[in-house]
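Before anything else, here is the set of structures, which you'll find just below.
Each of the next two complexes has chain A plus one other chain: chain B in the first, chain C in the second.
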Partner chain A sequence: MNAPDTTTPFFTTSHQELSLHGYVSSDRFPQVIKLLTNLFTMPPDTFTEHHLIHKPHRPKNLPPNVETYYIKLLSRVEDPDADGMDGAQVYDARKQRWAIRLEDLPEVTRRPCVSRSILSANTGSGDVMGFVRAMGYTIHASYFTENRRLVHNNVVLTLSQILVPKTPEAGLGNPYRKDEELRPLDPKNGWIVQASVKVANNSDLDGLGQAVNELTQVKDMVKGVVDLEVIERLALDTRVKG
Partner chain B sequence: MPDPPPLSLSLRPWPINLNPDSSEQLPSLISRIQAQYGHFRGVSEASLEAEIASASDPTATTDSNTTPPPQLHPEPSSPPPSPPNTGFQSTLDSTSSANNVANPNEPTDAAKAKAEMLETLMSAHEDAMLMLDYLSLLVSQHQPEMGTATMSPALKQVVKPGTLGWDRVTRKIDPKAYTVDDKVTRSWKRAGLESAASALLDASKTLVTRIEKEQKYWEQVKAIRDEGWTVVRHPKEKNVLAVRYGFAESGDMFREKGIGALRMKDDGSVVMDDVGVTGIHGNALLRVRIMKNGETIGISVQKERRNGVPGSLRDQIERARNFIYDDELFFELCREARLLAHVGVRTEEGSVAIDLADQRCIIIDMQPLDTDLTDPSDLLSSLTPNDSETAQAILTTLRILLSYCHRASYHRRSQPPPPITPNKPKPPPLSLLRPIATHLFHQTSISNLRLILTKLSKSALAAGFPRAGLGFTISPYIHLAEKAKSPEFMKQENGVEKTIKLFSDALESVATVTLPGKVHCAIKIRTRLQPAWMGTKFSVTVTAGNSSDKDVVGEVDGESIKQQQHAEFWMIEGVGDYIQLCLERGIVREILTWKLGWRQEVEDGEIAKSIDGVARKVRVAVGRNGVSVTEGVTGGRDEIWVWGEDWGGDPEGRGLREVLERSRKKTAP
Partner chain C sequence: MENPQRSLETLRQRSQQLVHSLQSLISALQQPAETLPPWSVLQNNFNVVSSSVASLSTALHTQLPPLPPPQERKTDAPNALVSYPLPHFPGKTQESTLTQLLTKRHTSEIGDQIYEAMCEEHTDDPGLEERWDNAKEWCQEEQDKRIWGALVTEEEEEAGVEVDQKVVELLKNEQEKENFAVKKGERDPEREILIGMLRFAATGIRIEEQRPLPQAPMKK
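And now, the complex of A and B:
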């Protein structure tokens, strides 16, 4: 009966993710959060994540059919207001606890959802950014996401907003100084909604069926509050082009 | 006998025999014969003879097989041959056979009836066509297309469409009849208006009462909502409000039950569905009893705390909430009790029992509430206030623990779940009995250990050992201090949850024992009822202080006791035996320090001395009676001294040292 340890952000290792997406405009956002809190009978979890997109270096003698993928380094940004830290902390990306993640192109499926394979590895200690660089990847983009997360059985509903550094001089960005250094990517300040279910194994048909059922259930539950739909699978394409 | 074919009166004419000799006729003829007389299969000698007989004798019976011979070449004008006789046509048949006698060609009654029917149909048809023509001529004046479409061509030739007109005719009005008519119409109108007025008045009255009712209803519902209760739509019944008094974190079974429909009584006030009807146990709350030797020595009190006025809606809701809380609590208790069967928890029909030492047991069950009668068990003379308090405490603790479990399940479900796998883990039973049982078992272990140690130390004291080097202390619940300092614990925010967590896992206490011979035992008592190991574990660590006899002090189970020895036991008896062994060894060590000449030859409780060539042996043993010392010569008689708790072994009240010194003196030359 231990209360869960929310301090060490361990991300789920490799799994299949089935999801539906939606959009909430910024003026509707407070009302939507309130309605979702009532529907899910829990207040949303608030946290910030840092995504570092890396592009692979393409060797010259690679056959033309082979695809290369962008990978991302993912970490949860500690809340600067927590005990033991003062507000003006300097953010050092290298000291964060990263997870290395590759989100595959969603597969072609008849199911009423987007289904993609996620390969992910958590790290213990060491210089993850240096490791990834040594593997031939260079930093391609850096952004933060502001998240609100709700859970219902196996479905996780996340509302997120992407924040990018305002000026190129800001480097990778400092999440502790959101107002000064970061701006939302969406000029209208809207929120993207994702309802996702994780299945351990893509060959587990019962599990996949259960996941689809739960997704549909949640879709009906939030009907009228948020419209969850199956998005174009190529919108989540992480392959390197050209 | 084959079934008689049904009487079929076909309006289709008999087929015309254009070519009598054509072979096409035969298949159709055969099928007609089969329909009429039955299949060829059914033909038997008897049936054929009957046919012949009936043919020659027309007044034959109404047997279904008797028929006139079929006429293969009927003339077109002749009527069809009579159908075979069926049961209900018997009267007709007799006349038909009579007819056949008179004139085989005259039409039968059936044929006559058919002809009549056709005639009347024809005339009706003609009337209808005439009417149609008349009306269509009339219509054709106003709507030529519609009218002319339905006019018959014959009519169109005779009369041109649109030539028939119509108009209303005014009659002369009879004044007297007019006034009478007028009066009649007026009075009818008045009656109509009066009835309308009275209906409206009635309607308005009912509307007023309805409005009052509704107002009262909605006022009460709003009051309930303002107090904080959630008012929702009833999930199963339409257009019915309900109040949610159940708990959001209950298990699946109880979440749906926690809804009470708010219904309107005749005067508009709100009444909620009685949960006594819908709950499993009806109006019952949890009760804890402590029994000893079958008698109740402690019982918890049904104190229902209700804030509202009895009978009011708020009171009803609160009662319902209490009932469903205890319902769920009892359900989860029963579920958990099944897990703990091997530590002494029994489940019986409608109750859970925990067996404790000393013939005591705790029984938890549901007691129906009778608000009018006082519980007769309150008057039991065997009740002791101490035990009743314990029972009450256990009841309150159970309720607190359920609330704690609800919080834990809320935390659990708010976290993102792990990916779905083929094996679905079932939720574990809530931890309600376990903390209580852990505490009770731990207490029992501590008191048992205290008894054992007291007995031993008294025996050792009686044997003359100084109090300084002998004694024990027990520190209960030492884990609390350690746990409270751990960083994980400090990070938890909620004070109540913190407190409960301290007591809900393992309980640990430590006893330190000092024995003669500078032997120290540290006994760690750890009680834990979680899946890894369930029960009480005693870890004993024995250290022998500085002694001149080097390291080895003695032997336990083939292993030498070095400076520090560690042993683990699951039963208090094992600990008791082990401590006795340590005391033995300690005493032997102590004796050896007295330098009375005794030597320890083997590593056990025996010491030997050789005096004047005669080997004397002294064996020290510690048992149930206390410390016993046996002294003797090989082959001679033994002398035994026992020092127990309450008595000294020696009639002169001497201690062990004096006894040994005396024996030394005795054998000294």
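And now, the complex of A and C:
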């Protein structure tokens, strides 16, 4: 299983992700972060990500039983106060280092978690947005996530807030001008919690078993602080309907 | 039915006997013309078939008595044979046989036969519309004559039949479960927001524009 990578902007390539989800309301958030910091004995990683959801163009002669999926372009937004950024104000989506990712519909499983296949490819140089457009995909939505990440063995606990552009004029959004251009998707300003384990191979039964055990361990660890549960698989359905 | 397993076993044996006797008759008849067995042998075969049919028929009559006309029906005699597996049926290993036995889906031959029957031309029956309308009226009348949703009919009540307390309890429990499920949904707006946001993260469709998810059946 891969350890979370905090140095380079590369994302984990294709893997099976087992996860549990929860919700923290905005008023409880400061207290929850403090408690989790103590439980995990580490300060949370803070970072922002940009997600671009793309919708495929549906060809006319597609047989009726074939499904098409939304894919996403994912990139880590550099901290404006990091070395070499000099408090940047301008954000150009095209200059970002994108990973192309497809999150499959979670499988039907008896395990006490959500289990889904993540197909992911990192990119080198070149116009990734143009490439994806040339494949027949169009930008369907753009959102940023503010993340706080904690790790325990192989389990990564991420608290995130989804931020969307305030107005259509804001285009894809500028994460360096959060207050002016972005607003939280949740009207109540809450945070999504995800506890996940990445397993390299879906046929690795021992690995999957260990992942489930570790997830259950973390679930018990944070009981009372956050309620982690198995979310219904159709909530994470990336298939294009209609 | 006293012992469904034994009755089914006898039925199965009788059917097997019938199949067997039919098969021997057919094979006897299918000999080439010169070597056809003498008529006495064929007569014997036929007698065997006839007795197999008779025994199967009696077995069916005893196991599944024919329905008396509806007015005379006093007790809840079984009017359908429902099969179900016992708890110690090896479901895990025999799942395919189980689905084969319990499926209500037609096999393709039956499906074809039904299709052919449906495709056949209807003869123009001028009185048909009228008959359907009459039937509809009659059904409506019969329906209005009865109260639906009570646990005993008027006749039964007059006869002094008491509502089975167990049934009342069961129904009350189910109603409570439903109420609880509704309340749980109301008490969990956080869960609703969570699901809405996760669906947005997956598809980019705004929460206001998301179609409701199909409800999963209640887990036991």
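Going forward, the second predicted complex is superposed on the first by the 234 of 242 C-alpha atoms of A that agree within 3 Å, B and C clash if a C-alpha of one lies under 4 Å from a C-alpha of the other, contacts with A are read in each partner's own complex, and residues count from 1 in each chain.
Rule of thumb we're sticking to: contacts are C-beta pairs under 8 Å (C-beta built on N, C-alpha and C of every residue); 3 or more make two chains touch, one makes a residue touch a chain.
This one's a predicted model, so the numbers in the text were calculated from it and none came from an experiment.
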Contact-wise, after the overlay, does A:153 reach chain B, chain C, both or neither (first, second, both, neither)? first
When the two structures are overlaid on chain A, which partner does A:41 contact: first (chain B), second (chain C), both, or neither? first
Contacts of A:206 with chain B and chain C, given as first, second, both or neither: first
Figure out whether A:15 sits in contact with chain B (first) or chain C (second), or with both, or with neither. first
Figure out whether A:192 sits in contact with chain B (first) or chain C (second), or with both, or with neither. second
Report for A:231: first if it touches chain B alone, second if chain C alone, otherwise both or neither. second
Could you tell me which stretches of chain A are touched by chain B in one complex and by chain C in the other? none
Per the contact definition, I'd like the list of chain C residues that touch chain A in the complex. 190-191, 193-195, 197-205, 207, 211, 213-214, 216
Can you name the residues of chain A that touch chain B in the complex? 1-5, 7, 12, 15-16, 41-42, 45, 149, 151, 153-154, 156, 197-201, 204, 206-207, 210-211
Would you mind writing out the residues of chain A in touch with chain C in their complex? 21-23, 25, 51, 53, 55, 70, 103, 140-141, 143, 145, 162, 185-186, 188, 190, 192, 231-232, 234-238, 241
Quick check on the complex: what are the chain B residues that touch chain A? 248, 404-405, 408, 410-422, 431, 488, 491-492, 497, 501, 504
